[in-house]
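In the two assemblies presented below, chain A is common to both, partnered first by chain B and then by chain C.
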Partner chain A sequence: MDSFLTAFFSGTSQGAIYALVSLGLVLVWRGAGVVNFAQMGQAMFTTYIASQLIQNNYSYWSAFVIALISGAILGAIVDLGLMRPLTSRKNSQLLNSQSMRTTIPVIASLGILGVLKSLAGIFWAGEERGFPTPVPANSIKIGSTNLAITGFDLFVIGVVFITLVLTTIFFTKTGMGLAMRASALNPEVTRLSGIKVGSVRTLGWAISGTASSLAGLLITPKTNLSPNTLDLLLIVGFTAAVVGGLTSLAGSVLGGFIVGYVIAFVNVYGAPENVFIAILVFLLLALFIRPQGILGSKEVRRV
Partner chain B sequence: MSKVKTHKIIGARSTRLSIIFFLFFILLSMQFDPYNQSQLANIATLLIAVLSITILTGASGQISLGQGAIMAVGGYGSALLVTRLGMSMWLAFILAIFISALFGLFLGLAAARLSGPYLAGTTLVMALAIPSIAVRFESFFSGDIGLSVDYGYPPNWLTNLIGEISIEEWSLYVALPFAALALFAVLNLSNSRSGRTWRAVRDNEVSAALAGINIARTKVIAFVCASALAGLAGAIYGFRGLVAPTVYPTDLSLTLLTAAVIGGLRSIGGAIFGTFVIVFLPDLIGKLTKNWAIPESISNYLPALIIGLLLLLTVILNPRGSAGALEHIRHARQSRKH
Partner chain C sequence: MLNVSNLITEFASIKALNDISFQAKPGCITTVIGANGAGKSTLLRTISGLERPTSGSIKWLDQELTNKSVESIVRSGIAQVPEGHAVISQLSVAENIELGGLFRKRKARGDLEVATKEVYELFPILYERRREPAGSLSGGERQMLAISRALVSRPKLLLLDEPSLGLAPLISAQIISIVNELCRNTGLTVLLVEQNANTALAVADHGILLALGKVVANLPAKELIADSSLRAAYLGY
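This part shows the complex of A and B:
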């Protein structure tokens, strides 16, 4: 029972972070038709910025906010500087080919990932460093029994919950959210109804950058921070997004929690070295059984 | 791809080009010191893997971020055959081709259902998962320590023929014939019926299907051919000394893709150029940083930064790579003449 609770609580708090990563991936995929493999590279970079600020005696919370803002700016820069010119180019022979139109942005995002990693290595010497938590990361005690959950886990779950509520309100209640949903569904019609699809798309990149930056801030106290630590998180987030459905925002969150539980239970009942294999098997199973994802719709799948 | 040449005499041009390639490498190695000779052997080895991307992504339009993992399959396959069964290295290399082709068949059957980013993500997960299998089944694959294998010593007939050669030269002589053969195979494949079907499926699946091409089978065949090449490359790569998870990291897969893109995804000459860039550029940068006394904290990351920037520049300015740029210049010159 004890190990079950451990797996359950760690699955919930890790799954919440995976949900953020997968939400970021899905936002960009729906808006721009690109899976952004540089996403966690951006998050790694902004987390280093936060870490640098904290070292320079800024408070955790100001560093936290600045990291989120720089995540948004970085996302917008990637779209404006690279992805938009790339996808809007029509006269290139290579991009006229069906399969290359989706492949070239993937390669571009890998280029960004490489550049961000080596820049982080140059700026911050690349050695692994810790990252502080705003609340103590000790197990919570009720009476004399140790619960398998730490204060920081609760903090993570709370922050992600608030983020998800805000995102839902944004997409269902505000005009901008409506415009984003419309331009993801049908860019041509949306453009005709007077909405600037390009700017809406950039906003999607910015929100995605913020979400992944938040994920980076929440995971690094456990994994430590180095230019490569967040690579695994991208893989897990991608699996979560595919499981939930690359086209569905709700599905991406659901997928995040499912993958979180799968990894936590493999870790507790199996062995840590099985995790990669478990992720691969789980991803392949998901692709075979339900390639459009749990909540994704088959028609919209851009494959 | 505007004009499709069919060759009546099978492979006359490809034979010529492969021999030129072989002689070029031999001549080049005579000018080099031992270190650069071993780098040249690296180029010959990695070129086989880059050519697999030229087939897979350039010709058939399927992206793979996991060619390094398929190299690991070939490497472990051949290393196990040699260390456990005492097989000869050459036979193990040939069998590695078949082992990885079989692996590519299963992979291709799964991948034919996927495309674009789905395929990219799945192969990236594979690139991480496959080396960790070696750690998981430690008793069989000997875990993180890996399997020690090497090229051995040059046979007597060769040393009698050309005199004593160093270990570095020998590693080049092992890798180079395979690289030339791989080049020959890829040159022929891309001019063959399969090559044309691959390009048809890549450019427009619907019209390819209407022309009577079996899409799924075409994609699977491309995967099998590419995996056979990558597996062979992995076997030769591992026999430099060690077959272990750290020899085939995710970064290796990404480096191979970078080489293919920088050179030009659709060009075989581009693949050769790109492989030269990824192997020799870090050395060149290292030399320059030493001359300019740039601190180590920066110079360690400088090669990765410059190669990443090169990749980005290629994608932005000319997605067809340096080979595409050359062609562009040639076209411009011709149209000025007329």
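This part shows the complex of A and C:
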């Protein structure tokens, strides 16, 4: 029972972080049709910014907020500075074919990842460093029994829960949320409704940047921070997004938690070195059994 | 007044619109008819900014439109109802309508509520089904929704691209007659593209016949209906 609870709680708090990563990926995929390989590079970079601020005696919370804002700005810069100019050059010969139009941004995102990693190496010497937690990372005690959950786990679950509630309210109750969903589903009809689809898309990149920046802040106390530590997180997040259905925001969050549990249970009942294989096996199984994802919709074409 | 002059729109050096000039008078229905591939849809898409013309000018209320973005054209009072009952099927009926007025939510919240009420009065079936996804509507209902989405933006010029396409005759007649009433009662200017020439000319004030990207006739609707030689040559009946 003890090991079950350990796996369950660790799965929930890790799954919450994967849900953020997956949400960030799906936001950009739906909004801009780009698989953003730079996403965790952006998160790594903003977590370094937070780490630098904390070293310079800023409080955890001010560093936390500044990192989230930098995440939003970095996301917007990637779109405005690179993705938009790359895809809007209509007369370029290369961009005439649909397949190139979809491939080029993906390759570009790999380029950004490389640039961000090099910059982190230049600014922070690429050394691996720890990252603090705002609450103690010890197991919570009731009386004399240690629970299988730490204070920091509860913090992670709480922060992600609040984020998801705010995101849901934003998408379902506000005009801007409606504009974002509409732009992702049908850009032409949305533009004909007088909405600036380009700006809405940039906002999507910014929100995605914030979500991944938050994921970076929440995961690095456990993994430590180096230019490469968040690479695995992208793969896990991508698996979660595919399992959830790539086009569904709710699905991406659900996928995050499912993958979190898979990893936690393999870790506790199997061996930690098998986790990576388990993720890939799980991804393949999910693709075989339900290729459109749990909440994804099959593409229906009316004629 | 919409004033189109010497408009040329090319797709890979093929002239889809070849030197088009005409005017659409305010408060009137001007219909553009012609066979498939005559350039009717391209004309509307060029006016609304979805396609960029190679040369020529489109003037609306003395403003040049050809260098404006789609969004700012919509915001200047021109709403397009695209071909094929274009609604967003995954969004609810109410959300599709809300989308049409979203850009003026901050400035004209009160009027937006009035406009929304008006389209629900115009199409009561949409009010009944407002919470359902737009994809579950029938073809006619989706066309009504597409028109409603355009109307809540309070357009002065409505561009309709083949509203009767794929609809049962009775329903398409109903939709055309509602558009006609809107024009007569509210002074809306309508530019109606139709393949179904008879239905369109029956309500229109003015008719423009397109063939292979050129204007071959520009006449009052009544004269165009009466001209059997034009019909035989370009519409095939």
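Everything that follows uses one rule, which is that the second predicted complex is superposed on the first by the 298 of 303 C-alpha atoms of A that agree within 3 Å, B and C clash if a C-alpha of one lies under 4 Å from a C-alpha of the other, contacts with A are read in each partner's own complex, and residues count from 1 in each chain.
Throughout what follows, a residue touches a chain if its C-beta (ideal position, glycine included) is under 8 Å from a C-beta of that chain, and two chains touch if they have at least 3 such contacts.
Since this is a predicted model, take the numbers as computed values, not measurements.
When the two structures are aligned on the shared chain, A:Val35 is found in touch with chain B, with no touch to chain C.
Legend: residue contacts after superposition of the two complexes on their common chain; A:Ile289 is shown touching neither chain B nor chain C.
Touch criterion met: A:Ser193 reaches chain C, while chain B stays clear of it.
A count of residues in chain A touched by chain B and by chain C gives the higher number to B. When both complexes are overlaid on chain A, the residue A:Gly121 reaches chain B alone and has no touch with chain C.
In the superposed pair of complexes, A:Val106 makes contact with chain B only, with no contact to chain C. When the two structures are aligned on the shared chain, A:Leu280 is found in touch with chain B, with no touch to chain C.
Shared contact residues of chain A, touching chain B in one structure and chain C in the other: 302.
Looking at the complex, you find that chain B touches chain A at residues 57, 61-63, 65, 110, 113-118, 120-122, 124-126, 128-129, 132-133, 135-136, 202-205, 250, 254, 257-258, 261, 265-266, 297-298, 300-302, 304-305, 307-309, 311-312, 315-316, 319-320, 324. The touching residues of chain A, when paired with chain B in their complex, are 29, 34-35, 37, 82, 85-86, 92-100, 102-104, 106-108, 110-115, 117-119, 121-122, 125-126, 231-232, 235, 238-239, 242, 246, 271, 273-274, 276-277, 279-280, 283-284, 287-288, 291, 302-303. Of all the residues in chain C, the ones that touch chain A in their complex are 48, 50, 69-71, 74-75, 79-80, 82, 86-91, 95, 98-100, 102-105, 149-150, 153.
Of all residues in chain A, those touching chain C in their complex are 175, 178-179, 181-182, 185-186, 188-197, 297, 302.
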